[in-house]
Amino acid sequence: MREITYSEAIREAMVEEMRANPSVFLMGEDVGVFNGVWGVSNGMLAEFGHERVRDTAISELNIIGSGLGAALVGMRPIVEIMFGDFLMCAGDQLVNQVAKARFMSGGKANVPLTIRVASGAPGSSAAQHSQSPESWFMNVPGLKIVTPATPADAKGLLKTAIRGEDPVLFFEHKMLYALTGPVPEDPDFMVPFGQAAIVREGKDVTIIGVGIMVQKALAAARQLSSKGIDAEVIDPRTLVPLDKDTLIKSVAKTGRVVIAHEAHRRSGPGAEISAILAEEAIECLDGPIIRIGAMNVPLPYSPELENHVLPNENDIIQAALKLCGKA
Amino acid sequence: MREITYSEAIREAMVEEMRANPSVFLMGEDVGVFNGVWGVSNGMLAEFGHERVRDTAISELNIIGSGLGAALVGMRPIVEIMFGDFLMCAGDQLVNQVAKARFMSGGKANVPLTIRVASGAPGSSAAQHSQSPESWFMNVPGLKIVTPATPADAKGLLKTAIRGEDPVLFFEHKMLYALTGPVPEDPDFMVPFGQAAIVREGKDVTIIGVGIMVQKALAAARQLSSKGIDAEVIDPRTLVPLDKDTLIKSVAKTGRVVIAHEAHRRSGPGAEISAILAEEAIECLDGPIIRIGAMNVPLPYSPELENHVLPNENDIIQAALKLCGKA
Amino acid sequence: MRTGPEANEMKEPYESDILAEFFRRMTLVREFELRAIEERRGGLIPGFIHSCVGQEATAVGACMALSQEDVITSTHRGHGHLIGKGGDPKYMMAELAARSPGYCNGRGGSLHIADFKLGILGANGIVGGGFPMATGAALGFQMRKEKRVALAFFGDGATNEGSFHEAANQAGVWKLPVIFFLENNLYGEGTAMHRCTPIEDLAIRAQGYGFPGVIVDGMDILAVYEAVREARERAIAGDGPTMIEAKTYRYRGHYEGDPQVYRTQEEIQSWQRKDAIVRFRAKLVDSGLFDDGDLEEIQGSVIAQLDEAVAFAASAEKPAVEDALAGVYADTHNGLVF
Amino acid sequence: MRTGPEANEMKEPYESDILAEFFRRMTLVREFELRAIEERRGGLIPGFIHSCVGQEATAVGACMALSQEDVITSTHRGHGHLIGKGGDPKYMMAELAARSPGYCNGRGGSLHIADFKLGILGANGIVGGGFPMATGAALGFQMRKEKRVALAFFGDGATNEGSFHEAANQAGVWKLPVIFFLENNLYGEGTAMHRCTPIEDLAIRAQGYGFPGVIVDGMDILAVYEAVREARERAIAGDGPTMIEAKTYRYRGHYEGDPQVYRTQEEIQSWQRKDAIVRFRAKLVDSGLFDDGDLEEIQGSVIAQLDEAVAFAASAEKPAVEDALAGVYADTHNGLVF
């Protein structure tokens, strides 16, 4: 299969859907003339024009809120939030309008709205340009939350989001944009929500990775195997809905689990995953559920501090070794 | 000791601090002329005048953000957010400014800002006036999060908040405002952050209650005792910082744990508490960690549905019975 | 201030049908509110009510200037908007009573009533929450080249939320077919407008967004109707948004139970003397097109309709708790999202 | 548009000290930016830089009209503001280099530099993030009856965020001693102002908040200085906020590395011909108070100061990872909050 980048995969999903369906369009800050700050929408203005690749004012609240309005009258907006850190500028629209519109209307509102969010720490970008907000809206019923870790998943999950009828927060890790991988060309290739990927099979310890940490978990697993530990790596791919069956099945097999995400440890996505396992699979566990995440401190500018604060491959290795009694 | 309501206890804390310190003042929507939608600031305008009991425009973002600005120049603002549901209107100010001001400045910014938030379901108020946002900002380092469950704690914790140097989200459950209890008159009575209260000792099962669920846990414990189960009820009182030692010690004693909050189950405060226990006390557990919380659906208007969706005393009882093998 | 012609004269000839309908809907709004308040006291309605008694002319006048294909976003004080846009009191009352056949199947209540077929995108519990929704809907219409507009109702208090600013700015840039319709009733909850807004005429804010701001007498339904009709024409012609500020007043508390310490009886009465329904009724009689009997007949039919609505609501089924999780998502991915 | 007098004449007599200081600080801003860009290329500075080259007159003119007790809130493009308000390039450069003695101990970087002693409440990574902070600080001053003001710097793009609206409205109501100082450089990142803002002169938005909006030539430091001085007097006198819109331009990309596909070289050059430093320098020489030698000496001292700052930064210690958790809270409750 041809290989493309995560960024190209996302663009391809958008472009194909926009070609196929005139209701689909893209709007956000600098997505057009500037080609997107992350370059994801590069060239799309040239193909689709200002009508369908819309540069907005710097107004996150209105971007997301008018995405909802457009969805309610039958459009299928894709909106881009340049940095996940800015999501909270539209917090109320997300929590009180977008998430609840369907339910409050007795199930009648249709909200096919995809919110693409560039998240994670791109390096020395400090506290307001580095956050991983994946868990910030998990407590809010009505949103779906997606965290692709590979180019293929990025494309397939984005298509599921755009073609679906519910609002989706689609988190793209900035440091994954350049990652290359095989991506199907079939325009109907879709990755279903709520289906975790077992990206590496193993029997000794389960490593659940979220977003970019899937890549780090795989690297950790390779190193662990050289120490005689056979790690299973699982990518939930969507946090809401969450495929807990696959997670539980894996834990039932290995008896050991490490959960890794770049978000801060406290109340990150790992808290929910851990709590589910502690509620539904505790009898399978041979040891503690270890969570790996950023320390509970705003992301520092200093590269040395930032490195120290962010979770890495070695943190996963150490946790796995500890669980396997080899630390 | 004289008994007063939770609401009076909060007012007393504010009034005493305002009398003692000219830097302390209150602002928010309808806190003055209207005496507060919940009546908490009743009479305060009469005592302190418009200068120090300030009715603001309907602008949550500016209310919280200007609380930060005033704090940075040496004031000690108390701001009121009328419904917790509206917190996200100021989401960005909370997450990116208030929480991070100190850290980003290298520890130099002082942010003595208390944000009082009326939260929880007051009954048939539907999806935008009933939420329990306690966990929404737990992933954001820099905020302290307080959930008083009794009049005395309300007063003592609020004083700690007002006199402290960090921003505090202070969640007042609407259905607790009328709750009566003994409250010390000593103007220096303060309840420290990070110290859980063992509100009932017991040996069979630990029930950790957050906010109003502490009261429901106590009621459940009374009923459980008639079934021969001796429940320990613990109120963390502050979610950030969290007194995990007390929780772990209790679980080490009982081996069984139920966590109850009114927030939705998914990624509510219980997720973090459960994950901590699964990480640090799993060897003490004789069974699953059970979380009780609202179902993952926006709060419905219909009283029947709402009742069904919200957690109650009986849910706690059933969980405890199950853990004790009596269900 | 732009007002309808004085002395109970009509500037332009209106068909008697539409005049009757103006009267009928305003009466229906007024009576609906009074009846709902009564039924709330009686226990049929569990939630709170923000009545729009006094503001009938703005709600009905604005909505009747729209076509059925146009959409509105409404507010916490939305019953008038819903009825104005053609909402059925039966399903409204059933929703207030939290019953299954209510507009939101009992899930939403007064604050969240929506009917997408009628172009009612929803009441809203969040002050200012509907602005971006209206600009987004207008964007959809513009992109599809449909001759439709979105009208956002809002109050004086809502004008101070950031959402107003962001939506108005973007609507101005894109010349979206949207009408920002302000019902300025001088108070936001218990806070008088002059205590939280530094200007008297909020319509001047429109200048900052490059579109016209118009002030109308909100107690004069024809003035409201004409202003909205004109704004709609502008919008449809591609000339962009209009902000309309209608000066009006709510007679009752912010919500039922509000002790109203923030205003005087005299102030309330001074507005009641300008009552939109009373004035319009007199105008109809003076026009010679209607006599008192005609209007009482309309009034009677409205009461009958409400009796029916209440009976319908009271006997309607309550939602079943087994369905508590329904309607959060279109697709539950085999139940996984819960 | 209000501009300084033409033909290199000065309307009012300025002391030569302050004139020299205007020149020195503008030169320092310009040279600081160029040096920082160089050091970033050289690897000393790890993070991104939004330079304000071209906007020296607005930053320095505005800040020098303030007293040291006054405060400012700054933006992502804040180096000029910091230097204008008295910030020390040594600690700024150390912060950009992520070193311990930097303004934020290496935690903040360019986007977050603050110095509470100098009244610098902080640069900001959030567009529009500083507005409420400025109104809040002004509220504190007003409550304590101090003769101090808060000045919020912001860009044309930021004017479309809801935070601007909410802060301006509340400041207008309370007549807070705050100055909303807009550096309108015609672009927000790659989006030209006319593509996201429906009006040309943003200052007219002030009318919607009941306070004056003033337009000045942002390439003329004396015009900026005088406008801010006047606004400050208004504020101190209790007459409330002023919005000042300074028309200016940034010569370099939005950030270093920006390919700038959104504008032409001609446009950039047309603004460079109005360069604030060049024009002011000519004015100083024409005034007879300074000769070229004086000004070159100042320039030389600035370069020397920057050499020193870079040397300081390069040799300064890096933050220790053991201290990674420091500074999140004042009170860690025995370490519990982490």
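In this document, chain identifiers A, B, C and D correspond to the written order of the chains, with residue numbering beginning at 1 in each.
Going forward, a contact is a pair of C-beta atoms (placed from the backbone, for glycine too) under 8 Å apart; a residue touches a chain by one contact, two chains touch by 3 or more.
This structure is a prediction, so every number in the text was calculated from the model and none was measured.
Enquirer: When contacts are scored as defined above, which chain pair ends up with more C-beta pairs, A-C or B-C?
Expert: Comparing A-C with B-C, the pair joined by more C-beta contacts is A-C.
Enquirer: Let me spell it out: compute each chain's centre from its C-alpha atoms, then which one is farthest from chain D's centre?
Expert: C
Enquirer: Averaged over CA atoms, how far is the centre of chain B from the centre of chain D? Could you give it in whole Å?
Expert: So the centre of chain B lies 40 Å away from the centre of chain D.
Enquirer: Based only on mean CA positions, could you tell me how far chain B sits from chain C in angstrom?
Expert: Here chain B and chain C have centroids separated by 36 Å.
Enquirer: With chain centres defined as C-alpha means, what is the inter-centre distance between chain A and chain B in Å?
Expert: Centre separation, chain A to chain B: 30 Å.
Enquirer: Would you pick out the residues of chain A that each touch at least 2 other chains?
Expert: 56-57, 59, 61, 85-86, 89, 92, 96, 103-104, 126-128, 141-142, 240, 296-298, 300
Enquirer: Which chain D residues sit where two or more other chains touch them?
Expert: If we look for residues of chain D contacting two or more partner chains, we find 104, 106-108, 112, 124-126, 129, 160-163, 166, 169-170, 173, 195-197, 328, 337.
Enquirer: In the complex, go through chain D and note every residue touching chain C.
Expert: Within the complex, chain D contacts chain C at residues 160-166, 169-170, 172-173, 195-199, 202, 204-205, 207-211.
Enquirer: In their complex, what parts of chain A are in touch with chain D?
Expert: Touching chain D from chain A are residues 29-30, 33-35, 37, 55-59, 61, 85-86, 89, 123-129, 295-298, 300-305, 308-309.
Enquirer: Can you list the residues on chain C that touch chain A in the complex?
Expert: For chain C paired with chain A, touching residues are 71, 73, 102-108, 112, 114, 116, 121-122, 124-126, 129, 131-141, 143-144, 150, 162-163, 166-167, 169-170, 173, 326-334, 336-337.
Enquirer: Mind listing the chain D positions that touch chain A in their complex?
Expert: Within the complex, chain D touches chain A at residues 46-48, 95, 98, 104, 106-109, 111-112, 124-129, 157-158, 160-162, 188-192, 195-197, 261-262, 318-319, 321, 324-325, 328, 337-338.
Enquirer: Under the definition above, what is the set of chain B residues touching chain A in their complex?
Expert: Within the complex, chain B touches chain A at residues 85-92, 94-96, 99-100, 103-104, 126-128, 131, 133, 135-136, 138-142, 240, 263-264, 266-272, 274-275, 277-280, 282-283, 285, 287-291, 296-298, 300.
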